[in-house]
Every structure is written in structure tokens, then in C-alpha cells.
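In C-alpha cells below, several structures.
Two complexes, one shared chain (chain A), two partners (chain B, chain C).
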Partner chain A sequence: MTPKPASGSLQRKEVFAAWIFLAPALIALLLVAFWPLARTFYFSFTNATLDDPSIYDFIGWLNFTEIARDAQWWRAVGNTVLFTIVSVVLETLLGLGIALLLNQALPGRGALRAAILIPWSIPVVVSAKIWEWMLHDQFGIINNLLIGLGLVEHGIAWTATPSLVLGVVIFIDVWITTPFMVLLILAGLQTIPEEIHEAALVDGVPSWKRFWSITLPMLRPAIGVAVLFRALDAMRMFDLSYILAGNNERTMTISIYARNQLISFQETGLGSAASTWVFFVIALVAVLIIGALRLDRSTTAGR
Partner chain B sequence: MASVSLNQVSKSYGAVDIIRAVDLAIADGEFVVFVGPSGCGKSTLLRLIAGLVPVSSGDISIADEDMTEVPASKRGIAIVFQSYALYPHMTIARNIGFALETSGLGKPEIKAKVTDIARMLKIDHLLGRYPRQLSGGQRQRVAIGRALVRQPKVFLFDEPLSNLDTDLRAEMRVEIARLHEELGTTMVYVTHDQIEAMTLADRIVVLNEGRIEQIGTPQELYRQPANQFVAGFIGSPRMNFVAGALLGEKARGATTLGVRPEAIRLVPAEEAHVSGTLLRLEDLGHEHLAYVEIARDITWTVRLAAHPDRERGAMVGLGWAEEALYRFGTDGRAVA
Partner chain C sequence: MTIAARRSSARYRWQRRARGFGLFVLLLLVLVYTLFPYYWAIVSSLRSGSALFSTSLVPSFDLTHYMALLQDPVFTGSIVNSLIVAGSTTLISLAVAVAAAYALGRLTFGGKKLMLMAILVVSIFPQIAVMSGMFELVRWFGLYNRIGSLILAYLIFTVPFTVWVLTSFMREFPRELEEAAIMDGCSHWRILTRVLLPLMGPALASTGLLAFILAWNEFLFALTFILSDENRTVPVAIGLISGNSRYEYPFGPVMAASIVVTLPLLALVLFFQRRIVSGLTAGAIKG
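And then the complex of A and B:
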């Protein structure tokens, strides 16, 4: 007997075992992710309605073109993109700043690290309601404070003033998710060996240069992953806007738009097409960000 | 180039004293090696000199200037770590030249300096690569290059070769010795490797529990250890000890006696100072190590040039020249 076939059968056994171990996860994914997704794609080519989804005709790309011609869809896209960019940028900057602070040997650092997680651990609905009350134009503590300080004369209707409401949504999102950024960036900071900083310190490299040329580049993978997670999360944001402002055009996200088509207008076909759009928009953003990360990695690795 | 002097330097973390009242004067251009058991404070002492940790009390001066309160970046020192601590996202060239980028030098001058240093360390063919593409020995050369480029007054090394395998270690040891000869810069070097300490040092500082046990040339420490700790620490395999009482009148009142493994010969029973059971023989090729139990739970090591031709379990007699015997008093200090 030559060893070749033996090792071949061993390999086959390993491959088989691998599939066995993967199977539960794959089956779960097929059921809860792939199946609904496939149904959504399917319905997006039909004129089905919610009151009787079993009666429908295939209408080709009509749903997609109708959505592409809907001004409200494009407003929702604009809101979503604006919300994503502004909130992720703010969260990243704040997260970086707070993580750098928490990485110092401050007294009570452990307690601070735990405390910072609180906003993130509260369910979004609860946070949104808390802030809604705090921002209430008559009974809210924020207006109360502002009036008390003499900064405004009458309470500001934060969530009812069209020009303010998207800002309020962004503000609350920043409050909720900055801790997540802090956590990921802090983890990244702690992977940078102390001695690298010390070597630069001893060599007389000034602190701004140590930050720009050592800390920040070495944090890039951590920040990249955090931005990816946050951006994908922000692109499909639904709850915060919906709780604070319902169907307000100023805060309507693409997820809310899809929900409206599906539930409010009972248009299963249109709603499915909108959902499919949401899926592809998010997939595109994911591919772009991941591509950017890979690109960065290959420039540090390459040459 | 500069002298370094420590005056009553102490360091405590909370209630724990790590460095206790250390006095040390390092001459300009001297190569001083700190040795001592793990956790005795070698790295801490080096970091105190570097200014990476502040002293709890005492003064540090470099080139006759008081540096106690001067930040690490202004002390004119460079440090090489065991972990190399290279910047992983920068090319080797940038790693070496990084500290010069903010020194006011132009790009061409930096490049010229980096190339010079790289050539000196034989890493000029690696300049375009990244640290992770280099072997351990090459990385340590880069770390040394990075330290060299600023022409520091004092070089600090914290176990720079401990991550390397034996061959590379020997090669880098020679390299560091050559650098010291060529540059003549003051060097302070931490190691737990006897060979590095013995071969590189002008003077060795033996540390134990944050205190200096003895300072001296390698020969002084080997021949005239000030106390039992130094006697046991310098020399490999370590010195054999036995309670004075066991040797009776040869002890001349000493509490503990010591003999180095290389000073012992196998002798016939009637000439033996002590005798014992041969427990084990190790053949190292160029020498043999014999382990002899001379009393219950006291096993001595004997270094032999040739195979002793005795079976395991045999009784062997051990002898040595009178001047090879070290005597220590109750406090562990050497006595005449």
C-alpha cells in the first residue's frame, strides 16, 4: 500500500466532517436569510398585494422602475446616506477620542469603561423614548435647561421642527452607538505594543507625529471594521426614525420607505422591490468599504 | 558619548520596592551589563535611566548633566528592546529614518544616513521591505539601526538577543561587540545570558531584588565573587555549595563552602575531599557533566574533559586545589 490513497481518504474524511459541522449553520441561514430573501426577490417581479398575496401576475421590472421614478424614494435614499455619513463620521471621531482617553492610565478607568457602555446596552426603543421626553417642547428637561439658562425663550419642538428632526435623529444615534466605536477602537489600541510607543518616545518623536504616524495607521484595521459595521447598520436604520418621527419625509429612511409600500399601501410587489433595492444598496456599500479595506491592506503588505 | 551616574536611585510601585538605593557610575564609552535573576529589576533600572519611568527618589545624570526630571525624549539615549518594537506598517528604511523626519533634516540627507547605517549593519538590501518580511536576526539589526541613526550618547539594550536562536545570538553578539568597538558609545546592556555578559561586558553589575550585589569585570566576578549570590550566579554550570560543617576543619570556620564544577577532578578515594554517588552523566561532546550526590539532597556538578569511565551509581571521590575553594560567612559574604 502506498501512503497516497490513505492520505486521500483522510482528506475526504476531514472534508466530510467539515460539512457536518457547517450544516446546522448553513441550514439555519438558508431558512432565516436565504428563503425570505428569495421570496422578496420573487415578489418584486409581481403585482401581489398584501390582502391576498396568492393572486398575482408577473410584471417584469415595472416595480423597480416605478420606485426609481418616485421622488419620495430618492428623498429616503438622500436621508439614509446623509444620516449614515454624518452619524458614522461623528461616532468614529468621538469614539476615537474617548478610546484614546480611556486607554490612558486614568484613576477609575475600569469603572469608566463599564459606564461608557450603558447607552449602547439600552434598547433603541427605550433610548428613543427617553430622548423624546427629554426633548419634549413643553415638559422636556433639555428645553427646561435652555430656558433656565436664558438661551431660548420658548421650548424648541425638536422632533416636530422639520429642519431639526434629522439632526435630532443623528444626535441620538451618536449617543447610542459611540460606545460601540469606543469599544472596538479601544480593543485596537490595546493591540499596539507599549514598547512601540516607548521606542518612538525615546527617539524624540513628538506626540502629534506619534499619533499620526504610529497610533492611527496601526489602528486602521480596527477603525475600518468598526466603520464597516456601523455603516451597514446605519444604512438599514429603521427604528430610531420611525419612533421619533414616524413617516416624516425629513427622516424617512429607505427601510421605512419599503415598510410603507409593503404595510401602509399593502403593495407586496412594490414593497418587495423596494426591499430588494435596500438589499442591493447595502450590499454595494459593504463591497465598497470591504474593497477599500483590502486595498489599504495590500498597500501596506505589497511592493 | 557620555558617562552615566546613578545616585541612591530607588523605585517603588505602591508599597513594593523594586529598585533599592542603587549607586552606579558608568564611565564614558564603557560597556556595562546588568545581570540577575528574572524579576530582580534589570529592565526597571534600564527604564529609569531611559526616563521611561520616573524615579521614586535619587538622581540620574548623563554626561554630568542632571537628567532626573528630563523627559525620555531629551536624554539623548536610544533603546533596543527584546521585542524589537519595530513599526509594522513602515518599510525598513522608514523605520530606521523615522526619528529623523522631525529633526529638520531634508529627505536626501535622511536617505543618505539610513543607507549608511543599513550598510554598516548589512541590511541595505532589505530597506524596501516590511518588518514582518524579515527574520528575527534581521529585525534586531533594524532595531539597532533605528537606535544608531540619531547618534545617541548612550545605548540601552534590554535583552536584545533573547528572542533569537543560538547561532544568531552568537552572530549578533559579535556584531554588537564590533559596534561598540567602532562607535565607542556608552552601552548599558541587560541580559540573563551568562555568555553575553562575560563576553561583552567591560564591567558586569549583578542585581538581586533591586540591589546591586557586586560590580566588577567579568574576571573579578568569576574569581572573587563578593558573596554567595554572585558566586552562584556567575559561572555555568553554577558553583557547588556545601555547608562548612560537612568538610570539618578544611572549612576554617566558614558557614558555606563553594567549588566551581570546572575546578573539580575525580580522584582516588584516599585523596578525595568529598565523595559521593554518581547519579548521572551527560555527554556534551566537548565535555562531560557528572552529577554526584555528596550527601542527602546535595548534588554537585562536575565538569570533566573526558568520559570518567565509571558506571552510574558508582562511588566517586572528588578533589580540588586548595585555592579553588570559596568560603562564605553566615551573612553570605565571602571570607578569606
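And then the complex of A and C:
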């Protein structure tokens, strides 16, 4: 036991010091996060425009109802939800598989652990451009490979075919973000004590059953946190869709829709209302996932 | 040893070898999946003219695109801009975060949990949700179309991240470290700068590198708050490279630009590999 400082003045000093040390970070976040967010909420009830946001009238909920009536907004919502669900599921499965592989005693796994950081650390623009080039309809190496294998006769225009382009966006996103999943799940795997597996092995429990009833339940918290981070990131995705397909309606996300209103059409009021929607959709998803994680933790703890 | 036992051990050995081989093939597949695209970008960046359309996997060493890039003032300018923006953002957030992490990790005060939550909540703010307010802020400070706007705006994601990771590092130090200093009547400032900070070199390096990467790669604010080419950062500069027509997209130069802006960062990432992984997972697993 460490003796607590007995005198009250020392404690008061510590509290005072704590707030002084915390102040710069708090001021920075108030300035660049909470204040702009509050202004966005505020503008969403006005008809302000970008070229002179100081002149505006309050128009109540009009911006929100206008967006709710816009078919393009709902298409963007659909795209974003579909993108989030499919890509997070694929990333989780792939990440789980690769993490299990890397957890084996294998020659070369150190190299792979380093290699897996590459897709994660390069900018999204670069990843998008590299894949765009590899998927090029005439000169792309993927189409050349498919033709060489006799799978297709002509190159497929991956990014120009309307029905394929969202699939391509998901595919590239999976490539970019699987490393993050792998690292988080791998860290979770390393917290599982070796003895549990050894005991099961001695009892002759088959490997699939060991995975299903030991590894997976013990990984749940790690996977849950990883899914939370990835889902929130996917819901607000902007750059990948924008770089690959611009304002294509097939890949437009809610962030792209909101930025269009805000910057391209100069409608600060309408754009702010769309941004406010984005904020609350993401907050809702966060609350739901965190709630599920909490529930999970309390039921497993109560066993 | 009976014959049956010998047989079963031979079978066991064979099974183990088959399993090892299967895993090795899987490992190779994953390596190809993660590495080939980047390798192909390097190969393509070193080919010009019609050689670019070759499908040979063996690289040649044609530096045409690289020479052209180095003579392009917009591109070299964007690298300088990105270095200034990412560097300043990183330094400011590290300075702010070290102080905050000391309070959150080593001191006791009411409202600590609430402050930690408030900082964590910021990291789920979608960038688009603060856009119109940030636009106004940037204009008030007279920073529109200047890289200063990005240094300011990027604090929204680098500060929560660095505070969170450094706090988890800060908590790991044993209590005894500062006890002697407290007995001697050292101020908290002295404890932080003389006792703890010298021990935090590796933590600062890896956290700083991660923050630098976040700022270096950012696209949405950089696209929105900068208007003219000479003030652009690297990701937007690459995003806006265009050919003479839609059908002549210059993939060779774009690949070369991609390699130039990622290779130094990748070298650092691979060098700090272990620390990066622990920094990335520290916040997530303990949180």
C-alpha cells in the first residue's frame, strides 16, 4: 500500500494541477470539435449559404424534411448501409482467418506481420489508384490474368460498370482495412492462456470444436471492439468512393451527399442538416454496438 | 516399438507435414494478397511508354516518371506542404497530449472518467459533421486556402488518439517512480519533464508516427479547405492528377507519385513495426 498524502492542501494542489495539465487538450477539442459540431447543428435550422454564412434566416425543420424527401439521400443511405455491412463482415472473417494463421508457429510469420501493415499505412488515394490501375479494363493485370486463364473473353470494365462499382469499392476497402482487424484479433488471441487449449487437447477435443467453444468465445471482446471501430469508420466513409467514382449515384455515401450540398451547391443550411443526420446515424450505430458489447460482457461475467 | 505404433507415428508425422505445407501455402497466398498490389505499383512506376502495358512481373528500371515528378513544382510543393502540415499537427498534438495524459494517467481528480469519455467521444465524430462549423472557424482565423487550416482541423482526430494512447502508456509506469520526487517536494511539471518524459521516448515515437500517418493521409479536409494547386497536400495532389482526356489517364506518373509519397513512410512503419502494433492495440483492447 502506498500512503496517501494526508494533507488536504496537497490533494487540492493535485486537482488544480490536473486541470492545468488537461487544459490545452480540452481547449483544443472545444475549439476544433465541439464548437464546430454545435455550429453545424445551428446552421441546419437556417438557410445560410457558403459565400456569406453571416446572412441567414431560421427556417425550422425545413432542411430536414427537404432531405427526407430527396430520393438521392435515401440512395446514399442505402449505399452506406450496404457498404458498411458487407465490408465489415468480410473484413472480420478475413481478419479472423489471417490472425489465426499468424498465431501458428510458422516460418515467415514475422515477415507477414510486417507486410500486413502496408495496405493499412498507405493513403486511401494511393490504394484506390493502384487498384484502379490493376482493374483497368484493357491493360489491367487482373483482366489480363482472367483472359489468360480463359475465364473471360474480354476485359471487364470493373469501375465503369454500374452494377459492379460498389462491389469494387467494397473489395478495395476490405484490402485496406483487413490489417487493422488482423492486428486487433491477433492481440486478442494472444490473451487466451495456452493451458486451456492444452487441457482440451489432452481430453481429445477435436480442433474445430476447440475453435468453436474456446477460441471464438474468448475472442468476442476483441472482435467486438474491432467491429465497432470499423463500422463507425465505414459509416462515415468519403474518400474511397469519391476517388473511384466521384458523384456516381451507385457509390455515393452519406458523407459525399452532405459534402455535395455543403460545398458543391454552397447550401450551408441544407448541407449542415445532412451532416447532422450523418452524425446521429453514426451516434446511433455506436450506441447500439457499445450496448451489445456491454450486454455481452455482463452475461459472460455472470456465468 | 510395435509395428502398429510405428505405423501410427509415421502417419502422424505425415499428417503434420501435410498440415505444415497447407499452412505455408495459405501464408504465401496472404502475402501475395497484401503485397502484390504495392509491388505491381513499383513495377508500373518504372515503365514508360507502351512498356507500361506489359504484363511481365519482372521490373525494369526506367526512371522517366520519377524524373518528371521531381521537376514538377506542384508535386514537390505538395510534398513540402504535407511535411509541414503532418509535422506541425503531430508536434502540437504530442505536446498537448503528453500533458493531458499525465493528468489522466497519474493524477487523481474528480471528473477524470468524464473527461476521458469526452475525449473518446470526439474520435467517433464524423469529419463531415463538423465541416460547416470548421469552415466558418477557418475563415474567422483567415486560414482559408492556407495549410494552417489543415494543421488546425487535423487536431480533431490526432488529439483524441494521442491522448488515449499516451494515457494507456502513462498508466503502466510503477507508482514508486514519482514517489521519491513527491517526497522531495518536486512540482508536477518537474515530475513530468524530468522523471516520466525521459522514459517515454519509444512511446512518443510510435504514437507520433501514427499521428503523422493519420495527418499525412487525410483527404476530406484537404480537399475542402485548400483551393489552389500550390497549397495542396499530397493525397489531394495525387487524386487530382489527370490526363489529357478521360481515356488517357496517366497511370505511370500516378504510380510513381504513389511510390514517392509512401516509401519513406513505409520504411519508418516497418522499422517501428512492433511499437506501432502495440500502440494501435493498446487503446483498443484496454478501452
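List of remarks:
Note that in this section the second predicted complex is superposed on the first by the 287 of 303 C-alpha atoms of A that agree within 3 Å, B and C clash if a C-alpha of one lies under 4 Å from a C-alpha of the other, contacts with A are read in each partner's own complex, and residues count from 1 in each chain.
One rule holds for everything that comes next: contacts are C-beta pairs under 8 Å (C-beta built on N, C-alpha and C of every residue); 3 or more make two chains touch, one makes a residue touch a chain.
Remember, predicted model here, so these are calculated numbers, not experimental data.
In the superposed pair of complexes, A:Gly204 makes contact with chain B only, with no contact to chain C. By the touch criterion defined above, A:Ile289 reaches neither chain B nor chain C. With both complexes placed on chain A, chain A has more residues touched by C than by the other of chain B and chain C. When the two complexes are overlaid on their common chain A, residue A:Val126 makes contact with chain C while staying clear of chain B.
Contact with neither chain B nor chain C is seen for A:Ile59 once the two complexes are overlaid on the shared chain.
In the superposed model, A:Leu146 makes contact with neither chain B nor chain C. With both structures placed on the common chain, the touch criterion links A:Ala157 to neither chain B nor chain C.
In the superposition on chain A, A:Leu184 contacts chain C only, with no contact to chain B.
Shared-chain residue A:Ile196: touches chain B; no touch with chain C. Applying the stated touch rule to the two superposed structures, the chain B and chain C interfaces on chain A have no residue in common.
On chain A, the positions that touch chain B within their shared complex are 193, 195-196, 198-206, 209, 213-214, 217-218, 300-301, 303. Residues of chain A that touch chain C in their complex: 2, 5, 11, 14-15, 17-19, 21-22, 24-26, 28-29, 31-40, 43, 50, 53, 98, 101, 104, 106-109, 111-119, 121-127, 129-134, 136, 138-139, 141, 144, 175, 179-180, 183-184, 187-188, 191, 222, 225-226, 229, 232, 235-236, 238-239, 242-243, 254-255, 258-259, 262-263, 268, 271-272, 275-276, 278-279, 282-283, 286. The touching residues of chain B, counted against chain A in their complex, run 50-52, 72-75, 77-79, 81, 83, 85-91, 98-99, 101-103, 128, 130, 143, 146, 150. Of all residues in chain C, those touching chain A in their complex are 20, 23-24, 26-27, 30-31, 33-35, 37-38, 40-41, 44, 52-53, 55, 95-97, 99-100, 102-104, 107-110, 112, 115, 118-119, 122, 124-137, 152-153, 155-156, 159-160, 163, 175, 179, 182, 188, 192, 213, 216-217, 219-220, 223-224, 234-236, 238-239, 251, 254-255, 258, 261-262, 265-266, 269-270, 273, 276-277, 280-281, 284-285, 287.
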